[in-house]
Amino acid sequence: MSLQLDVDLQRDDFQLQLTGTLPSDGVTAIYGPSGAGKTTLLRWIAGLEKSAAGELRFRDEVWQDHQRFIPTHQRQIAYVFQDARLFPHLNVEGNLAYAYQRRFNQQGPSPTQVGDWLGITALLAHFPGQLSSGQQQRVAIARALLSSPKILLMDEPLGSLDKPAGQKILHHLQALRQHINIPVLYVSHDIEELSRIAQHLLILEQGRMIEQGALMDLCSRLELSLSHEENAASVISASILNHDTHYGLSELAIDSSHRLFLAASPGEINDNIRLRIPARDVSIALSASTDSSILNILPCTIDSIEQTGESRILVRLKLEQQFLLARLTKKSADKLQLAVGQRVYAQIKTAALLNEGSPHE
Amino acid sequence: MRSLIEMNSMLSAADLAAIVVTLKLATITTIILLLVGLPIAWWLANTRVRAKPLVEAIVALPLVLPPTVLGFYLLLAFAPDSPVGQLWQYLGGEQLAFSFSALVIGSVIYSLPFAVQPLQASFEQLPKSLLEAAATMGANGRDQFFSIILPLSRRGIIGAASLGFAHTVGEFGVILMIGGNIPGETQVLSIALYDRVETLQYSSAHWMAGGLIVFSLLLLGFIYRFNKTASLYPAGRVRS
Amino acid sequence: NADTATIATAANFKPTLQRLAAVFEQQTPHQLTLVGASTGTLFNQIRQGAPFDLLLAADSERPARLEQLGFAIAGSRFTYAEGRLALIGYPAGRDLNPASLRAELTTGRGKLAIANPNTAPYGLAARQALEALALWPLAQGRLVRANNIAQAFQYVDSGNASLGLVAYAQVIHSPRAHWLLPARQYQPIRQQAILLQFGHRNQAAIDFMHFLTSPPAKDIIRHHGYAVAD
Amino acid sequence: MRSLIEMNSMLSAADLAAIVVTLKLATITTIILLLVGLPIAWWLANTRVRAKPLVEAIVALPLVLPPTVLGFYLLLAFAPDSPVGQLWQYLGGEQLAFSFSALVIGSVIYSLPFAVQPLQASFEQLPKSLLEAAATMGANGRDQFFSIILPLSRRGIIGAASLGFAHTVGEFGVILMIGGNIPGETQVLSIALYDRVETLQYSSAHWMAGGLIVFSLLLLGFIYRFNKTASLYPAGRVRS
Amino acid sequence: MSLQLDVDLQRDDFQLQLTGTLPSDGVTAIYGPSGAGKTTLLRWIAGLEKSAAGELRFRDEVWQDHQRFIPTHQRQIAYVFQDARLFPHLNVEGNLAYAYQRRFNQQGPSPTQVGDWLGITALLAHFPGQLSSGQQQRVAIARALLSSPKILLMDEPLGSLDKPAGQKILHHLQALRQHINIPVLYVSHDIEELSRIAQHLLILEQGRMIEQGALMDLCSRLELSLSHEENAASVISASILNHDTHYGLSELAIDSSHRLFLAASPGEINDNIRLRIPARDVSIALSASTDSSILNILPCTIDSIEQTGESRILVRLKLEQQFLLARLTKKSADKLQLAVGQRVYAQIKTAALLNEGSPHE
């Protein structure tokens, strides 16, 4: 069960060349700077780059090799394009119906449901030319979901949406994926968005695959450029211990010796959930303070320290099995005389934790 | 009063027959023009064959021959002992020349450029990105053609149909040559009108020309009313 | 034994033929369908098997060719009318005679309309007449050549040409002034009829051919501005 | 060998003159067609006037009249004592009918629909959003027309020019009527060709028709080679 | 010196109706959910919505009133559209030249400079169809800058760009604005982006103006929906006291009694700069701890406390004149028994401070 790819595609001065196997379940994020080849890769997988040589296998089907080429319309994919590509002669309802009538599978959601999720029910009679960019993009997502595809390709689907709207859509996407398990390839340049939804990550740069693997591993590995970015974060998994309804908090177990409080999580007791903890939200103390609003103070060991800029360092903290990243000023590190192997306390502002970690599969 | 009587007296049975033949011819020709023109135009719009300009030129060629001369060559081609004539008879047809079928064939050939050009232009300006989107939703080529290409090419189709229709109504040289001007079968309005002018029956010609113009004006105006593609793309809000 | 015949006629003779056909249809049970076009067009169509029974051409050459080529019944050819040439002018009332023709060509500025001598028998006759009047070289810069005799008339009638050599048949019944050119100034414009292969058993066509030579028919033809031998 | 000699003998001085007149006529007509057709097409593509379908129908009207009949009415209009003729002479023109100018006017009127239709279609399919973008950069209407509209309508312009050119080369009824067939001035190739067919000079006609076809094929093929709009929009990557 | 507007525009079921005066210098952000009318407002200001009634005055010029209507091309504006709208028949160089040849002012930057800022120099020969979305957007921005307009309208200009690229562009935009003072209307749905660049904020919702004012005021006012969002933050101004080159830090004075450390700021000593301090990055302690990596611990007074969700509260903290926002869990608040008027310490992770606050004008 996987998506095996081997592509070599030349375009003037740009070359997309990569070989690899992506998991064919869960959400695989494709990340990379502008012009890295993310769209080109998605297009090739969709069968829209006919001229490219390569091999592509989805689960047990060959989609492309040196003798076969399954055309796009037989691949049973759905594609949310970076530009919305709504059909200008059909209104929103017609656009949705277009996909729904041709859906690949009877199990998917109905237009009414999807329209509801994406908040476009009031727009059904509008033509694409009468929609705002964000509205167009939501209709495009709705249309793709209605196809009930075997795999969903999404190219910056939330690019022109505000945060709350985007989060609502991500939430529904999660819910849908739990219901009917469609793998998703998800292009985005927003790390926060990615780590919220993806289990797997592929990093592209100048048409080459820089790194590929489970999101959790990649996020906390210091040598990757990813963790040097403004948004560097660790992703850790935890299980729900109990829900404190009075304070609207959930208590989580990271491992046998570490507990964490989190704004009420949607899961059941014992569910595994994932947390994204931005490095900049983690501070280090030598003792566990008691008169601070910071609820989560976890004992841990300094695993490594790396200087990431003129004034800042990134500290990797080891819990039992998992790692936290903390970003500090060099000045603080000197003041506290931090060293590898030292026992310290990681302070995590509770409210800073993501409250929509996606369940493991 | 006088004019009404005059008009009445001028519309002989032969004229009525000519009107019927003309409308029938123009309608059938237009339909065939679209049926033949659509695939040719689609092919031309999408092919990467190097000979494409040549094929485009060949399609436009009937235009450069004077209609009567074109008709003359068609007449040669339609003769019972020519390959085309033989084939036609083999397929169960009567004699081709001087039949209504010949008029249709001749009109189609003569008007083909007017049908192919607007269609091809429409097809070429069609955003391919929409076809890609349709393909991802499972639409095969045929499906894409009917669900996306045709509706978005309405502009070109209306252009092709209206030019084809009007040109067939007015056509005369080719038809005269291959039709033989036989009343009720191949005598069309344009020839009847031509006859009036040639035989100096001016007032009758004026009436007939006036009627033709008014009728065509109404019909074309009606066709063009459906030509509102533009309203689908309010200024500046299209995202292809 | 009523029959229907299709008569192909040179366009210039069509009005006369309509009159003849009306009389003929009154006298006989036959029905006639008239098809008018230029003689050249009709010739080409007949060669390609047009369903015409009888041809009334504007000249004698093309019927002869048809006879030669076997598309027509040998020996059925005869002259049914002789065309005559008339000079007309614009405005309609002006003086018309050889002198005014010469004056127009030397001092006037207007055009002289004739039918195309290469394709139309009346055009050829017009050229011969101008040559006979020694005006042909003078006329060169002023000639406009119409596709057929009807157009030549229209050129003058619309005022675009000031003089025109047209068929007498076109002006005989109009109030417009004209000068009938003497027949000796040009070769006779012999308009010949011939029974076509297609109509060789068509009784209506055969009867009509005979009718054309009957005195009442000749009267009608003469009345329309043609000369007919007795 | 034989054919060369034959060909030589057939291309009389008059024929050569006819070729020159034809090319000149078709070229000038095409240029004027574009000059006249562009504003009309632009207006039609953008107007919201309710009578637009009517205007479109009027533009297409010359097509429904048989060319000779159209020519006949033009002849009436061109007469020296008609308003048009008077105006022409007032403006310093010689007699209009039977002049080269008359041919140009007649050809332009007759071919106008073929020019306006493709241009209008191109204009209508032009994304208005690009004009808005140009306006924000300070381009006024005229500037937009030359810098954006024209280059993006190349498809339509080539279509209009090629149809207009071909149609003028083949035109015959209108020209015959208003031209007077004056060698070197108004005698065009199509009439010369027609004459051959009428006077049964078949082999000469074949040669002439063949030459015309080959020439037109080359010329049109050449024009269409510039018709590569498509390459500017690689599939699926356009964002209007 | 201002942009006075009064617009009433009806579109099917949408109505844009607002009256107000925007400053005609600095950057004014237009913020609102998808479909709020942001694009429509910008289009109207640009003169692209001709049918709309209204009055519009820019500085001392009337752009529209009941009798006059200055057409778009005479308004000397530049507009970065939400879709890039590059001219498909011109390559990147041609697109840039198009704007440059028609520029409204000789003082602006050159194509070479702008191409450099936006990282598109290598793409000059490409046609728009050969660019990735992000590349197209960068070219569109470059094109607008080359117009040297009197006012710059930008509609989500960084929508399809990754963070680092976006930040680089913002940086150049700042620099350019310091050089030639062009006012900017900047539509975005990313609060962080907005508060980085804008001085002024206009909040649109369903075609109405909800709020309008200086960004700093709006950000810390609790009653606004803005501060309830995930990204709520306060923006405060401070002046540079000195630069510590060893640690790469700058010391800032917020007021006479509050100091703050910040990763080396680009300004000069005594420069005023602006800082965005996300509410979630601020924690509260009852005493000033000394063994923590948190460098900035500011004494302050609780001004107000508001419950913003089931489990969270937002605390407004008063410094001398300015305010900080802190987001805490209810549990922490109860634990520390926080009350209005109480003296507490605000802990701000240094590294979390923005280091590109834009100078005041």
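As written, the chains take the letters A, B, C, D and E, and residue 1 is the first residue of each chain.
Basically, a residue touches a chain if its C-beta (ideal position, glycine included) is under 8 Å from a C-beta of that chain, and two chains touch if they have at least 3 such contacts.
Bear in mind that the values here come from a model prediction, so they are computed numbers and not experimental data.
Trainee: Chains shared as neighbours by chain B and chain C?
Mentor: D
Trainee: With chain centres set to the mean of the C-alpha atoms, which chain is at the far end from chain D?
Mentor: Taking each chain's C-alpha mean as its centre, the farthest from chain D is A.
Trainee: Can you check which chain pair, C-D or D-E, has more C-beta pairs in contact?
Mentor: Of C-D and D-E, it is D-E that has more C-beta pairs in contact.
Trainee: What is the distance, in whole Å, between the centres of chain B and chain D, each centre taken as the mean of its C-alpha atoms?
Mentor: For chain B versus chain D, the centre distance works out to 19 Å.
Trainee: Using CA atom averages as chain centres, what separation in Å is found between chain C and chain E?
Mentor: Centre-to-centre distance between chain C and chain E: 91 Å.
Trainee: Can you give the whole-Å distance between the Cα centres of chain B and chain E?
Mentor: Their C-alpha centroids are separated by 60 Å.
Trainee: Quick one: report the Å distance separating chain A from chain E, using the average Cα coordinate of each chain.
Mentor: Each chain reduced to its C-alpha mean, chain A and chain E end up 26 Å apart.
Trainee: When you check chain B against every other chain, which residues touch at least two of them?
Mentor: Each of 68, 72, 129, 132, 197-198, 233, 235-240 in chain B touches at least two other chains.
Trainee: On chain E, where are the residues touching two or more other chains?
Mentor: Answer for chain E, listing residues that touch two or more other chains: 48, 83, 130-131, 133.
Trainee: For chain C, jot down the residues that touch at least 2 other chains.
Mentor: Only 41, 44, 151, 154 qualify.
Trainee: Please output the residues of chain E touching chain D within their complex, sorted ascending.
Mentor: 46-48, 71-74, 76-79, 81, 83-89, 98-99, 102-104, 127-131, 133, 136, 143-144, 147, 153
Trainee: Touching chain D in the complex: which residues of chain B?
Mentor: 45, 52-54, 56-58, 60-70, 72-73, 113-114, 117-118, 120-122, 124-125, 127-129, 132, 155-156, 159, 162-163, 166-167, 169-173, 190-191, 193-194, 197-198, 205, 209, 212-213, 216-225, 227, 229-230, 233, 235-240
Trainee: Chain E touches which residues of chain A in the complex?
Mentor: Touch list, chain A to chain E: 11-13, 32-35, 38-40, 82-83, 122, 126, 130-135, 138, 156, 159-165, 167, 189-191, 229-231, 244, 247-249, 261, 263-264, 280-281, 283-287, 289, 291-295, 309-312, 326-336, 347, 349-352.
Trainee: For the complex, give me every residue of chain C touching chain D.
Mentor: Listed in rising order, the residues of chain C that touch chain D are 38, 40-41, 43-44, 62, 65, 111, 113, 116, 118-119, 143-147, 151, 154-155, 158-161.
Trainee: Given the complex with chain E, which residues does chain D contribute to the contact?
Mentor: 129-130, 132-140, 143, 147-148, 151-152, 232-234, 237-240
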